[in-house]
Structures are given as structure tokens and as C-alpha cells.
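Below, subunit A partners subunit B and then partners subunit C, in two separate complexes.
So, the complex of A and B:
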């Protein structure tokens, strides 16, 4: 393509470039300002956990703390008063076991739904997936009474049972779509060689589905870690409370503890998910892509 | 050649089609049993712990069950009639409606504006991450932080008094006029990052050619956005809107944590109202009926989503 240079209006091009550059500066400034506003609560959290109770009450909310040492006392007080040891252990246990079992069971179901040929597959899938259609409020009252009848209210076993169930439908959808795309040649070959279906699942399909399984595991783990509602209804005892429930109870009865202590507790409760996010960002982004598409 | 055809026909005659069909069905039946074995843990857990409770919940909504009374008394639609005359229910419904409208309008508008603003700007990734970070935190933790931001002598009031010069003393989370908007602002702060990221994903999927063609034809930025970007972004926007509405409609954690000192906490939304009626007052049947109402609204939203998605799919194809 040739351009007749003498017909181009260089002044106009220069003007447009300058305008473009100026608008770039403006957007950069606005973006900077918005980000700053978004960060204020974090900044507030970050400095408040370093303040003693007197400091917190006397100083301006955004003023820097006098020293860094008060955080140790705050953390110890938050940890013991909110019984965060229990909460952390419980939530880690619920998250690891509940999400782990859920993803494994979902993978099994997805295997049955994609690798074996039978009629009315969609109907069976819909039965499992129906678990995500209803709002959580519809489970609460019946479950509370079932749990009471079965004697598993406020037990670790009961919590694991529910968390596993609620985390199954979504990974089933994701893993079903993924396994549909896997080639069938390998499992046919293995079957020819006399491998049982379970061996095919365990040795051939699972190793290939590691990526989406990790992504959905992380999503479900975070969901369990963040859950407040079901822990409040089904496991509301200091020994079985999830970390978020412990935090809420602590905040609700803060007569003895100052805001700086409660904020420290909130920070401690969030640390694992923050660390997890930054260490495994790639997997989270993968999970988000999977959830949205 | 001829001999081969001949033997094929003979072979076909010899194959017993009925037997093949029977074997096929038998194999399908065997496959089904194996598949059922694979699906059984999932089916059992989902069935017993999620689906049966939903059915039982619907049944409970038609009974007269309260603390210390049997379930067996059938009440018909009594619980639903009671809702209509209960002022707290009316208020909860009204606040829930505000949540629905707000979670349609604000996350989408702000998320879209941010996506358009941050796109192609220097440090785009840094800005994106900053807006997204609140999303990592649990709603409970976010609620705790903002509870103190809104406190009477908290960050917001102190900041406002610095700006205005006069001491500001607004009870953000104590006053019925400000409590819902304040919590909605927190909700937007936390969730808009995800909306923005999803919109950016949608924007990056838009092909470059029509944009350049329009620019060469002298279309203004607004025209390009209105006639090219917006229609192509519509599927993303529909999906994000539905996600946002369902999230906003079923918010519980934020209301439970931030509304703790608000005297009318139970009427902050239907979710809180249902929890309050059932687990604090012991009106089990009535609480179940409220849960059914919440379920109906969620089903409606899901249905609207399905219809919209179909329309959009047709439009873009």
C-alpha cells in the first residue's frame, strides 16, 4: 500500500497524538485516584493492628502507629479471646477434607457421566447439578433438624458431610465438560488390556484431569473457609466453629476487646486465603475463567 | 468382487439382529450399573443433604410447626398469609428489592467504567489487582473492617469532619436511612473487582477488525462503543448482571456482621429475616415459608437468565 505523503495533514495527526497523550495522562491520574480510594480500608486495617487500644482511641484513624510491637500483644489477645486456634484448625480441616472429597466424588461422577455409554445421562447430571439451583436458606431448617435427629449437630463429622455435599455439584459440571474433551483412545486401550473401570478412572483419567481438579478444589476450599452461615447453624460450638464463625462471634461480643483486637482477628482469619491467593494465583485465575465461561 | 459381495450378503443373513440388539441393551444396562456406582457418592450426598431438605422445607412451609409443638398440623397457606400482614416482612422485602436493584446497577456500571478506564493504561495490571484484592477476603472479614470504618467515631466520620471542618456524627449502621446504602457500598467495594475482570475478559475477546474499520470510517469513540463494543459485550454483561443479582440477593454474612448493632437487623433482608424467625424465635414453619419465597425469587432470576441468554445467543449468531 502506498500513501501519497503530500495529501496527509501532518498538523492534524500531531494534534490527535497530543490529545491522545493528554487523555492517557488523565486516565492514569483517575485510575490512580480510584485505586487509592480502594486501598484506604486496607491501609486502615494495616495500621490499626499495630496500635494499642489507647493509641487507637486517641489518634486519627489514618495516623501511623508509634511502634510495631503492639501487634504481638494484639495477635495473642485476638487468638486466645476469639478461640482462633480451634477456628483455624476446624476450617483447615473442613476445607481440605470437604473440598478434597467433593472434588474426588465429582470426578467419579463425571467419569460415569462421560466415559460410559448409557441412556438419559443428562437427567442424572441434572439431579446432581440441581444442588446449586436453590438458595442456601432452603437447606437450613430441615438440615438443622435432620442433624439433631441423627445426632450429628455440632460435630466435625456433620460439618464435613455437609461441606462435601454442597461442594459436589459445581466441580461435577466443570469436570464433566473437561472429561468430555479427553480422547477415548487411551481408556479403550486399557480396557482391551483387561483394566477394570476403576483402574481406568484412577490411572488414566485422574492424572489427566489434575489441572481442572486443582482449580475447582481451590475454589471450593475458599468457599468453605469463608463460610459463615452453615457453621452458625450446624456447628455453633467453640470446638466445631469455623474460623469465620469464630470471628463473627468475637466481633458480636466485643464488649471486652477493642476494635484494634477485633481487626487483628479479622486480619489473622484472612491471612491464609490471602497467602493462598498470591501463591496460587494462576490456578485461581484458571478457576475464575472456568466459573465464568 | 462378485464373490465377495455374495459372501457379505450371506454373512448379513447369518447375523441375528435381535441378538445384537439384545447384547447392546445388556451392555448398556451393565454400563449403567457401573456408571451408577461411579455416581453414587455424589448422588447420595447431594440427594440426602441438599435435595431432600429442599422438598422437606417446602412441606414445612405449609405446617404450623413452632418451638415445642409437633409438625403434623397442616396449615395450608396460613404462613404465607401471615407474611403479607407482617410489617417486618414488608420491610425486609423492601430492603431486598433495594439490594436487587443496587446489585444490578452499581457493580455493572462501576465495573464497566473501570474496565474501560483501566484498559491499556500504564500499570493496568497493578490497578486491576488492587481493585480485585477485596474479593479475596471473606465477606465476614470485610464486614468487620467496614463495621469500624462506619463506626460513630470511625474512619468515615472522622474523614468527613476533616473535609467539612465541622464534627460529623452520622450513625451509618444505626440509622434506618443509611444502613442499607452503607452495606451496599461495602458489597460494591468487594465485588466490583470480579465484575471488572470479567468485563475485561469480554473486551479482550472482541475482534480488532471491526473496531479499526469503524475508526477508519471516522466513527467517534462514543459511536464505536455504542454500535460495536456494547453489542459484542452484551453476553458478558448479561452473565455478570445475573451473577451479581444472585450474589446481592442472597447476601447474608455482610448483613449479619455489619448489622449487629442495628435495632432492626431482622428486616435488613429476607435472608436475615428468615434466619431470625427460625433460629432465634423458633418459628420453624414460618421461617420455612420465607425460605420458599427466597427460593421462588432465585428460580425466577435463573429463569430470566436462561431466557436472556438464549436471546443474546440468537442475536450474536
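So, the complex of A and C:
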């Protein structure tokens, strides 16, 4: 039996199928409302950075600005007042080196935990991972005194040491799971091809773990970049001050800058993370896929 | 080039023995196939030879040199894995040259060796592709190429064809055999596919529970299975077994089971024959011939059987049936349509009846052979 295809009403079929896919108007409305609420702070940020101090004081907070030019003045003001250049450099250093080292060490740990033969692997993993089980704030006071005793308070070395250490556990978890899934026969083949243990790690495993490594690097970089608490306590000198710490000049009773300046500063301070994300987004998404974070 | 000698090789995982003492000599340039059911220790044995698994006990000699504690890269062995284990981040070219680069071979020489392997395996069009951009068969060839470029003394294959479809598998099987003969490299090949084993091997090693059940040429293993296990494992479809005993009448010996009464070749089994001895009688499908179909055995006994299932393969039929309550498989050449529950007459080739002891499941002819040998020694 054959169907008489030319007698079918394909427009009707298409309409019927489209109707099945279409959502109801009120779900759309609710979704729209929720996104609106979510977007209001961004809107507030976006308009405020284009207002001068007087304009900001005179108008309602959510009113549109008169022009675009005030942002330049705001940026210059924010940049100089908070010495943002210096803070940015410091934070970039902490973020790139700290997160970079952490992910590299985590990769080595993950390799060892998945590939090398030693006893009590799970115990060792738990020891490493225990670092993230407790709230980080718990470490604050002991660390401060320890750093003071060792004379590494307010040093770049001290900051890198802390950031590297605190950022190791999470990438270790992710990379361990990932490397568990990598074929063992692949490294056996490499070993038979004459590769040493370190060559297997460096030239076989690492290149295949690039995705999750980038993803965890980005997450850890952002965490370090946005960290205020530890950088304030452990590195509160002008030479070691991080960008988030630098922004604190706008807070407190002696601060004179208006919200338009503060918001501009905040916007500038968040740009590097965003840019890095866009640069690495392909790897990041790949990493997300394989680790299904 | 090198021969490989295993002496009393044992692999223990804690208290569990995966390999329980393997003695085997693999002559230079020969192709030996390990075959056996899943979990019998084929891979473990191979991996001990490869150096991927430590040797718990015994000796491994490659080219006369003791290799027990040699690192894998110094053993002169190359392995092709079941999953191919290609490096996914490298192009085919880099996959092939990785080992040579690690050995710090000069660039022109690397290029030369890669080119040679690529020509043999017809991989030119794919040199700059990644493994993910290749078909299963092409990946398989790259894996072989990676082994070839090292110009090893011994090739190891662990079920290299099991991820390919049937047609490609047959094709690659021939290719591997040809390659091995051309390069003249000692090869150890693991498979659980007995057809693959029989077609490839110079020498076939049937393993069971971590031990060698029988080692010999394909024909030898097929014609003279040492045990019921080997008889059942080698050959397709499986050998049919009948539970019975030996009887004697007027000086002639018979194998008697519930439905069969077959004369026994007294010369073959000699004084292993004892009246009333409980034995398994084994017959291959081609030795149970449907009357009137194909070549009839000269020395035969006719038995009535019932066909319960017929598998039509086109060029022949496989008939699954029963003699009384015992089941058998018969091969029907020049096939015709067979009805279910059809009653048929079968001619049994009594010269090819195999007898195995009921307890030890060893072939009875071993006992008489042993006797022969010890008599020879006495003289």
C-alpha cells in the first residue's frame, strides 16, 4: 500500500507541528519579566557610567544619561584615584601565575592519582580535596600569623603561594575524573614507544587534557581576580595590592567619589576576566563538555 | 630477529593466579596465536612479554636474553592494541614517528622509515589527518604502522581485529599474515576467535584457566585435540559430545551411549581401552553426514536422528538435532530444505570418533601414546 503523497496538505502539517512547539504566551511573559528583573542592575551600571557627578545627583537613578562623553572623565578619575593600573598588574600576575601553577600541579596530581601505582590513592586524594571542604575564611587568621612569622606577609611570593595552594583541589578533582576516562592503552602504547613517565604526562596526557585544563584555569583565574578577603589581609601594601583591594579606596568614611566613579571602576576591573573568557571560550566550552561541570 | 622463550611464567594478582605456569618456545620469524575463552590469561601473558605487566615467576627470554626486568622499550617488542590506542592529538605522521623521535633518530631516517611503512600500509592520503578523522580500518592500519616503523624483533597483537566488521576483519587478517611473512618478524597474536587463530597461525596455543591446554600446528590441534575442551573450542560449529562407555564384543571395541553404538579404532587407543570405562565420545559436525548429502564416509555407521533446527547458510546447512536425548550438530553439504522435526538418517564417520576420559577429560589416545613412547625408551 502506498500513500498518495501529492494529496497531503503539507502547510497544515507544518502549522500543526509549529503549534506543538510554540510555548504559551504567559510562559513567555513570565520569562520576560524574570529577565527584566535580572537585567536591572546591569542597566543601572550601564547608564551610571555615562553620567557626571552632578547629573547623577540631579536625576533619578534609573533615568537615561544626557550624553556618552562623561565616561572618559569617570574612567580617568577612577583609574588615578584607585591606582588601578598597579592593582591590575598585581592581580594579573596573581591570576595568571597562581591559576597556571595550580592547574599544572593539579594535572600532575591527577596523573599520579590515575596512572601511578601506589597505595592509599583515595586517601591522598581526600587529603588534597579536604582543602575545599571547609570554608576558606577559616584559614584566614592562622595564615595571617603564619605569614607574619615567616616574613612573607605583603610579598608577591606569599600571595602566589596562597593562591596556588587554594586553587589546586578543584582542578585536581576535575582533571582526575577526566584522566580516568583517557584510554590507558594510549599511555601503555607511549611507554612501549619508549616514552618515560614524564614524557607520557607531558606529551600524551597533557595535550589531551587541554579542554578541562583551560576551563578550570579560567574559573580559578576569575576567583583569584575577584578575591578581596585574602588579598586585603595578606597583601595590603601598595606594592602587593590587588585590583579588588585597590577599589576599596572608594569605600569608607573618607571616600569622596560618587557612585558613577565607583561603578566605572568596577566595570573596568571586571573587563580582563571577561576578555579572557572570550579569548578562551572555545576551549572553555570544550572543557565544560568533557567534564560536564 | 629473535625467538621468544617462556619458561614457567606465572602471573599472580594477589592470591589470584591469572597465568599458572606457561612453557612455550616461539621460533624466530614464526606466527604464534594464543586462543582461548575470555579470562583465560591470553592478554596477561602477552602483556608480560610486552613489559606492561611484571612477571611474578618464571623466565622470559627474547633473542636468548633474559628479559624479565628489562623495561618495555629495551625489549625490541612492538604492540598493536585492541583499541588501537592511537594518540588522538597527533596526526597520523606524528603517531608513526613518535617512537623514532623519542629515540632521537635523525630526521631523514625517520622520514624514510615512515615513508616505507606508509607505502606498505597504503596510508599516504591520510598522513596529515588526526585519528578521529579516520575509519576503523584506517586506524587499525595506523596502529600497525606505528609498530612497523620501530622495526621490532617481535610483534604483539592483542585482538587487533575485534573492533572491525566481519568483511574488513577477513581482509585485514590476510593483510596481517602477508605483512608478517614479508617482514619476517616473530609475531604473537592473541584472539578469542578460533577461525582467526586457525587461519593465521604457524603454531596455535589453546589456553584455558591460565594454562596451555594444547600447543601445536592448526591441523594437529584440530585432528588430535588433547582434551574435551580443545575439541570443543577449536572447530566451528562445536564438536558434539556423547556421554557413554566402552564395551567389548567378540574382540572388537565399541563406544556405547544411549543412542549410539560405534566401533572404536583399537589401534589408535591401544590399551587405554578397558571394558566399562566411562568416556565422552566426540564427533565434529562434518563427521555426522546426512545420508545422501555430500561425501559419504567409507567406514560409517548409520543412525536415525531428528532435526530440531536447521540453519541455512546457502552453501551448506547446519542441522541441530538429537539422537535419542543427546544433541548433535551435523553439516549438510549440497543442502536441501529441511523441515523441523524431520526424521533423517545420518552416516557417522567412525574413524574420526574422539574419545575423552570422563573424569580427566583428556583424550584416551594420550595414554596409548605415552605407552608407545615409554616402550620406545625401554628398547
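To be clear about the criterion, the second predicted complex is superposed on the first by the 245 of 293 C-alpha atoms of A that agree within 3 Å, B and C clash if a C-alpha of one lies under 4 Å from a C-alpha of the other, contacts with A are read in each partner's own complex, and residues count from 1 in each chain.
One rule holds for everything that comes next: contacts are C-beta pairs under 8 Å (C-beta built on N, C-alpha and C of every residue); 3 or more make two chains touch, one makes a residue touch a chain.
No experiment lies behind these values; they were computed from the predicted model shown.
By the touch criterion defined above, A:195 reaches subunit C but does not reach subunit B.
Of the two partner chains placed around the shared chain by superposition, subunit B is the only one that A:228 touches, whereas subunit C remains out of contact.
Contacts of A:186 after superposition: subunit C is touched, whereas subunit B is not reached. In the overlay built on the shared chain, the residue A:105 is in contact with subunit B alone; subunit C does not reach it. By the document's definition of touching, of the two partners only subunit C reaches A:204; subunit B does not. Between subunit B and subunit C, the partner in contact with more residues of subunit A is B.
In the superposed model, A:89 lies in contact with neither subunit B nor subunit C.
By the document's definition of touching, neither partner reaches A:14: not subunit B, not subunit C.
The part of subunit A that touches subunit C in the complex is made up of residues 183, 185-186, 188-195, 199, 204, 207-208.
Looking at the complex, you find that subunit B touches subunit A at residues 28-29, 31-32, 34-39, 41-43, 45-54, 56-58, 60, 114, 117-118, 121-123, 126-127, 130-131, 133-134, 136-141, 144-149, 151, 154-155, 158-159, 189, 194, 197-198, 201, 239, 250, 252-253, 256-257, 260, 270-271, 274-275, 278-279, 284, 287-288, 290-292, 294-295, 298-299, 302. In the complex of the two chains, the subunit A residues touching subunit B come out as 24, 27-28, 30-32, 34-35, 38-42, 44-45, 48, 60-62, 105-106, 108-109, 111-113, 116-119, 124, 127-128, 130-131, 133-146, 161-162, 164-166, 168-169, 172, 197, 201, 225-226, 228-229, 232-233, 244, 247-248, 251-252, 259, 262-263, 265-267, 269-270, 273-274, 277, 288-289, 292.
Interface of subunit C with subunit A (complex): residues 50-52, 72-73, 77-79, 81-83, 85-89, 98-99, 102-103, 146, 150.
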